[in-house]
Each structure stands twice: as C-alpha cells, then as structure tokens.
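These notes concern the structure reproduced below.
Chain naming follows the written order as A, B, C, D and E, and within any one chain the residues start at number 1.
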Amino acid sequence: MLRRYSVHLSLATVGGLIVYLAHQEYISLYIMSVLMFMGVNIIMSTSLNLVNGYMGEFSCGHGGFMCVGAYVSSLLGVWLFAGDKVFGAPLLNPKYTLYAFPLLILVGGIAAALAGLLVAIPSYKTRGDYLAIITLASNYIIISVIENIGAIGGSRGFMGMKQLINAMGKSVDLPWMPIWVFLFTVFCIWLMRRYISSTFGKGVIAICQDEVAAEIMSVNTNKIKTITFMVSSGMAGIAGGLFAYILGYVNPGSFNILKSTEVLVMVYLGGMGSLSGSVLSAILFTILLELLRPLQIVKWIVIPLLLIILMQFRPEGIMGNRELGDIFPKLKKFYRFK
Amino acid sequence: MLLSIENLCVKYGNIQPLHGITFHVNEGEIVTLIGANGAGKTTILYSIARLPPPEAPRVISGDIVFQGQSILQTTPSDVVKNLHLALSPEGRRIFGNLTVWENLKLATYARAKEADLGKEYDYVFTLFPRLKERRNQRSESLSGGEQQMLAVGRALMTGCKTLLLDEPSMGLAPVLKYELFRKLKQLNEEGMTILLVEQNANLALHLAHRGYVLDTGTIVAAGTSAELLGNPEVKKAYLGG
Amino acid sequence: MSIPTEKRPVLEIRNLTQNFGGLRAVSDFNIQLMPGELSGLIGPNGAGKTTVFNLVSGFYQPSEGAILIDGVPTGGLKPHKVTALGVARTFQNIRLWNEMTVLDNIRVAQHYRLGYGFFHSAVRSKRYMRREAEIAREAAELLDIFHLTQYADEFPKNLPYGTQRKLEIARALSIHPKLLLLDEPAAGLNSSDIQELIRLIRWIHEMFAVTIWMIEHQMDVIMQLCTRIKVIDFGETIAEGNPEEICNHPAVITAYLGDDTI
Amino acid sequence: MKRLLTTLSISCIAMIMAVQVIAADTIKIGFNLEMTGDIPKVGESSKFAAEMLKADINGAGGLEVGGKKYKLEFIYEDNEAKAESAVTTTLKLIEKDEVLAMIGPNSTKQAIPAGQVANDNEVVMISPWSTNPDTTFNRPWVFRAAFLDPFQGPMAVNFAIKTFKAKTSAVLYDLSNDYSKGLAEIFKKLFESKMGAGSVLAFESHGTKDQDFSAQLTKIIAAKPDFIFLPDNYNQVALIVKQARQLGFKGEFMGSDAWGSSELMTLCGKDCVGLHFSTHYAAAGATGATKEFIERYKAKYSYTPDDVAALTWDATGVVLKAIQNTGGLTGKLKKDRKAIREGMAAITSFSGITGNMKFNEQGDPIKCGVVVQITKNGEFAFNESICPE
Amino acid sequence: MENLVQNIINALQWGSFYALIALGYTLVYGVLTLINFAHGDVFMVGAYIAFFSATFLLTTLGLPGWIALALCIPVTMILTAMVGVTLERIAYRPLRNKGAHRLYVVITALMCGLILEHANLAIFGASRKAFPQLIAEHVYTIGGVTFTNLKIAVIATAFLAFLFLHWMVTRTRVGMAMRAISYDKFAVPLLGIPLDRIIVVTFILGSGFAGLAGLLFAMSYPVLEPYMGALIGWKAFIAAVVGGIGDIRGAFLGGFLLGAVEIMVVAFFPSTFRDLIAFTVLLLILTWKPTGLFGIAKTTKI
C-alpha cells in the first residue's frame, strides 16, 4: 500500500518542502526563480517530446504555442482581475483570483491547443521536414499577429499580471507562483504519462514507427495526430501562462525561434521518446545555463560544445528512449513507468 | 582458390551472428549459401564487400582472403575498384531517382576513364534487353523483375569478375525467376564467378556447382549440389518436406 | 438487400479500376468472396496485385467501381474505418511496430473498438479500466493461441523472421476480421518455414472461420491452400479457376509460370 | 579523509570571512547587461563605460561616503537579451551578490520585468537606455537616465518643420523593436496634428534583423516625402540610408538617439554626411567633462562612445551620488538600499556628460536634448538644443 | 508600373541571396537528409572571411578594388568551403558513422551554428564591421526604375551558380553519385564510390556557394555582425523546403519565391503584415503541395 503511493507521497513531500522553505525564505528568490523556470522548461520539453519523440514528427515552432498561452492567460487574467490601461477596472473582485488562477492558466492552454490545429491539420498530408517548416512558419505567424495588435501592446509587450499574484498573496499568504508552477508541472507530466501509457496513446508511438501499418490496423491516425498536437501545444500554452505570470510581463520577442530551438535542444538532449529523459535534460539544461552565467559570452560557446561532445558519446541523448525504470529496475517496484 | 573465408567470426554490437565460418569459392564456380533467415548469409556477403558499420559487422577473428591476400583492411570502394568484386544486395537497392542509364553509368565511377565502356553497356543491354527499352525511365517505375535485372546489370558495369548475389529471386514471379537464373548461368559460362545467397534452396542448388548450408552462424553441411539435394537431413531441414 | 445473410459475399468487387497518372494499374476487376473461402491472387510482378489489396483496405480510393465488405460499400472510407468493418491484412515486407513490445503490437490494433478517448485515458475512468483489462486479457489469450506468450515483452525486431510473420498474422487476427488479406506471407521464408506457414494458414482458416484472400509467388503455397485462384496481369484478369486449371492455363504459363528449367 | 574535510571546511569559512571582510570596505553595484543575444554591442558599450568609471574612482582611492573611502566592485551579468534571463539575473544580483543598486538592463524588453523584480525587492535600479514609460511607471525604486519617447518625438517634429521646412514626411521603423515603434507612433501623431491628416505619406515597418529594405523604400520614395523619419538602430540606419540612395532618394533623413554611435559613420560612410538626429549629447564640439569622457573612452577602446556608453556613465554616476547622499553606509543591506533610494530622490540636479538632469516623481529624468548634424569628418556636431517646457 | 518593375528588381536581388543560401541547404539535405542548421552561420563566416581578405588585399597590399575582388572570390569560397568541411569532419561524420538518428545530427548542426556565432562575438567583439567598397557603385535610372551594377551582378551570379550546380548534379558522375546517396546511401560503396569523399564534395559546394553569397551580401549590405546569418539562414531553409528540399531547381525557385513574396507583400500591403502574409502564403503553398514545388513524395510502398 505504501509502495503504491510512494511516488505521490514523495512528490507531496518535495512540493511541501519547497513551499515551506520558500515561505520561510530559506530558499532565496533567485534560486526560486531558477526553479520556476526549470518547471516551465520541464513542461516545454516533455510536451515537445510528445510530438518530436513519441510521434516522430519534427516540430520546431513550439515557442509560438507558448506565446499563445502566455498572452491568452495574462490578457484574460488582467481583464478579469486587475485594473489596466487597456481594459479599465477589473470585472471581478480580485479576491477570487486564487480560485480562478488555475482556470486562467488552463484557458491559456486550451487556446494554445486550438492554435495547435494550425499545425495539426496540415500534418495529415505532410510529414518530416515539410511539417517542420509549417511549425516554423506558424511560430512566425503567431508572433507577427501579436506584434500587429496594438491594443495589447504589440512589440511593447503586455504587463499587469503582477497584480494577480499580489491579490493571491493577499488572500492566503503563501508563495503562490512556485506552488502553481510545481502543481502544473506535476499535472503535465502526469497527464502525459497517462496518455502515453494507455492503449489509445500507444497509437502515437505506432504512428511514429509505421504510420501506414497504424492506419491499416485501425488507428485513426488523423485523430491521434490532432489530439497529440493539441495536447502538446496545450501544454506549451500552460507553460507559457506560467512563464508570463512568473515574469509579470510578456513580449512576443520572448517566444521566437530561439526559444523554440532551446526546447528542441532539451528534447534531444534527454532522448527522443523518454519522458524521464526530457525532465532530466530540462533540469540539467536550466542548471547548466545558470551555473555557466559567469562565463558571459563564452558560455554560449561552452554549452554547445558540451552538447556536441555529449552527442558524440551518447548519440541517442541522455536516456535514449528508455525511462528511469528501465535503467534502475528497482524503481519499478514503486511505480509502473510504462 | 579465388576467395576463401577462414574461420570468420563477426559482431554487430554485442550480437555475434557468425561463429567461425570457413568456406571457399574457386574461380569460375557458382557457389551457393543456403539456410534459414537469420543464419548469417547476408552478414557474410557484407563482410566480404567490406561495408562499413552500421550496415556491416566488425570482424573479430578469422580472415577473408581474396586471390591469396587478406582484404580485411580494404575499403569498400577499393574492393570494387581493385579486386573487381561486386555485390548486388538484397532488395535490389537500385537508385530509384536515377534513370536506368544513370544507374549503369554511375556504376562505372571507379573505373579508369579510358576503358572502353561502350561495349560493356551493349553487353548488359543484350543480356537484359528490357533495360535497353527503358534506359531513360526513372528506375523506380520499373517492375520488380526489371529492377532485379538492373541491379545485376549495375553490378556488372563495375567491371567485376566476381559477383556476389543476395536473394536475387526474392519477390519475383516464377517466370522472371527462371529467366534471371538462366541469365546467371549464361554469365557463369562466360567466365563469371558467382557467390549466390538464396532463400529458394531448391532453385539455387539446381543452378550452383557447390553449396554450403548455414544454420545460426555456422556451416552445418557442405558439398556439391547433387550431394546436398540428395542429403535427407538437409532436405528435411531446409528444402521442405 | 434481399440476399440472405449466409449467402452474402464477404467481399464483393465490382468493375474496379485504378489509374495512377496515366498508368492503369487495375482495370475492370471483379470478384466475389463467399464466407469461408480461401482464395488466391497471383500474377507477375507489377501486375497490380498489391494495388488491389490496397484498394480493398482503403489505402487508395478507386478511380472507378465499387468495393463492398459484407454488403457495405467502402467508397470514401479511410483505411481505419475499413478495418473496423472487418478487413485485416498483412504486408509483403513485414510492418510490425518494431520498438513496441509484442503485446503492445496486439493491443494497439484494438483501436477500432477501444470505446474511450483522450479524456478517459487521462482520468482513468471506470470505462477505461474495464476496456484496458479486457484488451489486455484478449491480447494475452491471442498470444497464447499463437504460442507467442514467451515473446510478449520482446521487441518484434529481435524475433526470428518466421515468428515475425506469425506475429503479423496474429496482429491482423486480433481485430476479429471477416476477411483476412495476406500479401505474400511466404516471402523471405525458407522451405521448411513455408511448410509451417501452410499449416498455420490452414489452421487459422478453420479455427477463426475467416475468409482468406492471399497473394503469393510461391506456387506450393497457393496450390496447397487455395480452392480458387485468380490470375491478373497488367491489371487485367487473365485466368480464374481451381489450382489445376490454373497450372495448365496457357496464358498463365506464358505470363507467370514459365518453364522451370534453368 | 576527516582531516581533508576539516581543512576544506576551515578554508571555506576562511574564504567566507575574507569575502565579508572585503565586503565591509567595498560597494557592490550590479550590472544587468545584454552581452549576448540580439544587441551585444549595447551590453559591451555599457560595460566599457562602467569599467572606465570604476578605474577612475578606485584609482583615486575609492568612493568617499560619509567620510570613509570605499572601493567599488562592479558585477556584470549577462541577461542574453532575454526577459526571463533578466529576471533571474536581477534576483541573482540582489540576493546572491548582494549589490546595493543595479544598473541596467538597457533594452525595454528586459528592463520592464527586471524593474518589477527590483521594485518588489526594494533595490534601486536605473536603466540607462530604456525609453518605455512602463519601465518606471508606478515603480518608486526604478529610475532611468534616458529621456522618454514623448519628449524626443516632438523634438524631431519641431526641428524638421522648422529646419527642413517640411510639409510631408515618411516613417520607417522596426516593428519588433518597441523603442522604434513607440517613437514612430508618437512622431506620426504629432506631425499629423501639426501638418494636417495624411501628411505622413508613408508609415512603413521592417523586422529587427532585416537587411533588405528596398520594398519599403520603394514605396516611401514613390510617395515623395520631404524627409524620412528613421527611429532605428544605427546599424540599420546605415543600410537604410545606403539603400535609399541606391534607389535614387536624395532627400533628408531625421533620426533619433539610437543613431548615436561612432559606428554609424564607419558603417554608413559618406551617405550619412549632413543628416540630423536628436540625441542626448553632441560628441563633436563637446566641452568639459563630456569632452574628456569621449577622448578617454576613445583612447581606451579605440572608438567614440555611443549614447549607451554615455548614459551608462551618467546612470552609474547618479547611483554613486545617491550613495554619497546617504551620508554613510551601515553595512546592513536593507537599510543601505533604502537609504540609497532616498538618496536618489534627494538628487536635485546632476550634471552628467549627457546634460543636467533631475528626476521627476516617476523616476524619469528631466533633461535637455540636442539635435546634431553629421559632419564630413563623421563627427556629430551640435545644431540645436531643446529643453522640456 | 514603374513601381512594379522596381519591386521586381528588388525581389530578384533579395531572392538571389535566399536562393544562393538555399542551394547550400538543399545540396547537403539532398545528399544526407541533414538539415544543416549551421549553414546560415557558415554564410556569416563567409561574409567575415570576405571582409578580412578584402581588407587585407585593399589596405595591407594596396591592390586596386577590382583585383581585390577577383582575388577575394576564390579565397572566400575556398576558406568557407574549408569551414563547412571541417564541421562535417569533426561534428557530423562521427555521428553518422555511429548511426545516430538524423535529428541528433540536426541538433549538432544547430549547436555548431551557435558556436560559430558566439566564437565570432567573443573573438572580434560586438562591433559591427563595415565592408570596404571594392568596386565603385553606379546607380542607373531607366524610366523611373533604379538599379545598380552590383544588383545586376548579384542576380547574374545567382543564375550562374544555379546553372553550374544544376549541370553538376544532373550531368556529372559526381552529381549522379550525390543523387544516388540521397536515395540510398547503403548501395553507394557497393559500386566503388567513396561515400565520404562525395559527402565532402557536397559540403565543399554548399559552403563554397555560401561563401560566395556571403561576399556578395557583404558588398550589397556592408554591415557585418555575428548574428547576420541566423535569420536569413532560417528563411533560406524555409525557401528550400517550399521549393522542395533536395532539389536544386526547388531551392532556386523557392529562394526567389520567398524574396518575391516578402517584397511584394510590403509593396502592396501594410508592411507590418509582412511576416504574417508571407508565411501564410508559404503555409498555403505547402498545404496545396505538401512536398514543396519540386519535391517528389517518397512513395510509401506497401
């Protein structure tokens, strides 16, 4: 019994501990912010892994969906709960922010999932590098759309999300942002794991390995592709929403190709089709970026160099397509990984 | 002895598909290797053609001797260029995006420029007249039998004197299969040494002079074709019924 | 329709024609397969045999003509819908999902009757749990029948070729088809494997009471198994009949069989 | 093993103590700069100017605060021109490096989120270059050294109408650059209010890393404006002016402070001679401290300082003055930071190399701007000075 | 009307650069199915090599401009080709020989690009370089349409490069070998063709033309910075794919198409919508022809 819930328990402990330490200010805000961005990166890399690793497509415009999520959840949040130059007085009493916040983030996710259709529908006919271009173009298009809407700031960006965070803090005095990031990260991984381990979700892997066989063997490939693209971009949207509230400011320039390639690197560093690999590489990558900060410019020579060298030794990424449970079989006792 | 394989052991990563294979091919012979799928027949051919990994395995012991010299250090392109040994791989592997003519022309890449190639094209075209009809077609559009002929023709255009054939009859309708085997016999009569790997053991043994039977990386029987065809053990295990 | 069920053909193809660009791959093809039949389709390479199979399984949409599965026309249906009607097939060159366990290979083929979607898989609803348990049980049973249980957690790529063929047939049968299409099941098998395959197909035919239609180059297999054979060349039917008739049909001999002296 | 551990821990403690000992006598100021990413040049200029200032003061024995001399320690952090990176960098500077105040980030994209963090953590931040009102708006702890777009826009309009006798104009700006976009919009509004609707004949945009502007310019030239307003970074200005000349445009250009780099002339050459732009200071013909700064900078880094360098110099100067205004540091971080905030507010007038400034209640400087003309020698010669009404 | 002609000239010039860079993408992709994401940065390195050799020839040796240019072209092409080959040799080939998934090679290429950019930034500093004027520029105006000698030269060079590469790929045995590798790498050594040497030739050609593009680009847009290759590289990649990646004609046409779309959108719509409209058009083209204009769908044989 204890074993069955061991993972839940340990997650709760870790989460509780982080919140407690943050609340007591044992963890500095700096470490906290790095941890929060780490959470965002974990969501980004696992969600992209769903498309690039599990489904075997090559999507390289993930930043665009993050952008949609970030804008939708912050616009909605500010419109409903905060006074703003654009929207005027808040529609609802800010004290309800705490309850509405997860919904705001989820709405951002849903909006990004709908934007994911932009890529999903062409993917019925196109594959591989042609699809890569479609994702890339959609990234450009999304950014261009936002830059053209002057009302929400265009390239000046949009802000005011801080008021919501403050409102939450007023309701219950806890460091809310770390809590939400932690919860949503766990939620996204949990959702993905369930999806991928169901017979329904295994259709994704079947598409990756042989799309023709999958279709002939009764897998509705178009439906699965649509759902997978939507789940993946939806999670990117959730990550985007969190990102926007952590920063308190969004700007279309933050979600350009560079962001997308950063996520790509994390996915392939971790290993295609490995959930634990993606989580691990997002953690490592974030830490590495932070640790090497004193090197300034040289950092951006050292990091790619490290990655190139790593690829020479492990040309399948850190984990290949295995999970933690395959490497440490003892872990399987506590949790079923597949 | 033209080609002799001496106690060859090879590995793909941690898997060892061949456990000490020894056999030889004399000049002007047709020798066939038969055996179940996964017995290691293709692996032997890849080793002889010296393909680089990941396609081909790593030789861990034993030797491959061609015309009295070990060829373990030879690069695949030199195998073709200097030893005049060509492999027509399993599944034809012709270049579908090139025309028939370009496929043949490409095969002359390693040859000296001054060689009189016109005659050789003619030779291939008389051997396989259907290729001549379709010389300017994209080879993807050829039928399976024509593709197989192109694969053999392409191997011939490298100027080879020894031909390694991997499953040439695979996926061919009977009529084409017999036609192809008749052409192989004709080639052999004109002096070509052939090492043939075949699934269809009956047919292969009817064509070949000698044969070796492989099972999971070792040779389990050897002899002339007549001997093998008459061997009840071989018949039971590999020839069906 | 007024035809009684037991008399209704499992597969009926009427005036099927398929053009690729200017090329006519199949022309005016007709066939009726009655329940329980074991029929063969042969012809030289490039004759359009696999194209017919692709049309039946919905992979191509026919240029002209109609295909009916158990009386239901398949025009406009996507392959997975056609499969759900009860058509399963295997492929010339085995198409298993190589990096998914043998058990999962069978499980994924149950997509047509999963009965749940993304939402259920996420919340692990009661329905999800019930369906997954049923699928797992049935898959295990099927592997047991095919003596593949020992390989359940292996990847197909690591199995012997003959076993892969068997697994592919098992996967096709796991969708409880009315019609099983076998595309060159003996390709790549050696003579002794072929004998086993013939026994296997015969056994499946009886055990699962399925209608089988197969393409095969190995005349042994066709002659031993099929009660009716159709021969096509350049997309056109050149002969039809029982094995004996086919063997002696002059057009078939010129186009397909040839004489077997080397 | 045990001994090794003991040695290690002792040396660790010793190091921490040593750091604290040093810390007692130093003033730490953080620099949050764009050293990689889109605009590495901006970060580099800032860093160079700061280095020069530090060398000056430390060379003179340090900064005197309340009768005690402190050595300056500047900590440069790269924010990669990314918003999220600017936030972590700010937090790192505030918490890990325990800086007393922070200079930068320069670009608005980074300055707005970083300003939020600095304000929440009650640390004085001054952005040398950011011109977006949101950077300092309602943030008592955030200041800036540059003037705002709403001030610079009218400068360009008035100057052009007066000097060029212009009745029509065209604008080409960078859509993804909020500075450029903001200025362009202010200009358009103002010019049309003065010269009538439709007097801005073309209002065209381009992307940040674009190199070809021929289509926009063709459109602009076809509209035949009296001059083109170009609120763009100098590297793009060079390309735009050259291409406009190649397309046969012979009219005037009017620029903004982002033109103000010595590199403009190396990149643009003779095509830019005679053009005007509004900026913080005129390098050519500068006198006093400004002249000295320019000459020393030039000697040290072998190019004329651009506006970012000058503004960083002033921004840092303002912070140092605020520190002096505290009248003595306590060594207690929170208290000192608060004192510095008060010291900033106490600045009534600061005479920097970019002119005299004082801060309004939003933390924005009230200072004069100049319009300069580019001379044949590639110097930026003073043409007119305009002060806020 | 004049405006239209003027914009066509603008589009041709701008498209020429996309085309020249896309040619390099497509060559490497055609042979190895490797998206060489470092290609844009190789182009940047080409521009810098051109800058240093031009400055050296002009100022240190004091040669006249046209001689310097004549020398600059081969020097730039050769040195840039060497950069490309070095990347292939030390980063891509070991991975290929290990049989790594091709996307890992793509990521390695991305990393190589980052290294090139930032090494440049670290070594030469953030200052932008002004490319010296090698030949005097003449502005011609005919019937309200303005163009320069340089523009004509750029367009002509792009066409010549295309013709050369097209000839090379379709007519020579090396070209045939390149196409053969793209179809089936496995069978190539069996015909006595040294695989690695053909791949090196491909990289020489691709990077050499990127170097040429870099030189011409530096002459036309004489402001050099370390990140100059990134955006144009991505866009050229898009152009190559829209044309049908792996096909020389596709890359060439795709390059001009992208150039034309970008210029024409600005010319006839508000320029703020440029990216929006341009990329939507490309998206529609790919939806209409899922494998690009010249791409041939790899027939899935069942």
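As a convention for this text, a residue touches a chain if its C-beta (ideal position, glycine included) is under 8 Å from a C-beta of that chain, and two chains touch if they have at least 3 such contacts.
Because the structure is predicted, anything quoted here is derived from the model rather than measured.
**Student:** On the document's contact criterion, could you list the chains that touch chain A and likewise touch chain D?
**Tutor:** Common neighbours, chain A/chain D: E.
**Student:** Spell out the chains that contact chain D while also contacting chain E.
**Tutor:** A
**Student:** Using direct touches as single steps, what is the fewest number of steps from chain B over to chain C?
**Tutor:** Shortest path length, in steps: 1.
**Student:** Find the two chains joined by the most C-beta pairs in contact, please.
**Tutor:** So the chains sharing the most C-beta contacts are A-E.
**Student:** Counting in whole Å, what is the centre-to-centre distance of chain C and chain D, each centre being its mean C-alpha position?
**Tutor:** Using C-alpha averages as centres, the distance is 72 Å.
**Student:** Suppose each chain is reduced to the average of its Cα coordinates; what separation in Å results between chain A and chain E?
**Tutor:** Computed value for the inter-centroid distance: 33 Å.
**Student:** CA centre of chain C versus CA centre of chain E: separation in Å?
**Tutor:** From the centre of chain C to the centre of chain E is 48 Å.
**Student:** Give me the residues of chain A that touch two or more other chains.
**Tutor:** 147, 212, 297, 300
**Student:** Which residues belonging to chain D are in contact with no fewer than two other chains?
**Tutor:** Residue numbers touching two or more other chains: 35-36, 40, 175.
**Student:** For chain E, which residues are shared contacts with two or more other chains?
**Tutor:** 98-99, 118, 121, 272, 274-275, 302
**Student:** Under the stated contact criterion, what part of chain E meets chain B in this complex?
**Tutor:** 97-99, 173, 176-177, 179-180, 182-184, 186-187, 189-195, 296, 299
**Student:** Show which residues of chain B lie in contact with chain C when the two form their complex.
**Tutor:** Those residues of chain B that touch chain C are 34-38, 143-145, 170-179, 181-182, 185, 199-203, 206-207, 236-241.
**Student:** Going by the contact rule at the top, pick out the chain E residues touching chain D in the complex.
**Tutor:** 3, 6-7, 10-11, 13-14, 118, 121, 125-128, 130, 133, 137, 139, 141, 146, 148, 151, 217, 221-223, 225-228, 230-232, 262-264, 266-267, 271-272, 274-275
**Student:** Please give the residue numbers of chain B that touch chain E in the complex, ascending.
**Tutor:** 49, 51-55, 75-81, 86-89, 93-98, 102, 105-111, 140, 154-155, 158
**Student:** Quick check on the complex: what are the chain D residues that touch chain E?
**Tutor:** 35-36, 38, 40-41, 43-44, 175, 204-207, 209-212, 214-216, 218-219, 222, 235, 238-239, 242, 245-248, 263, 266-267, 269, 303
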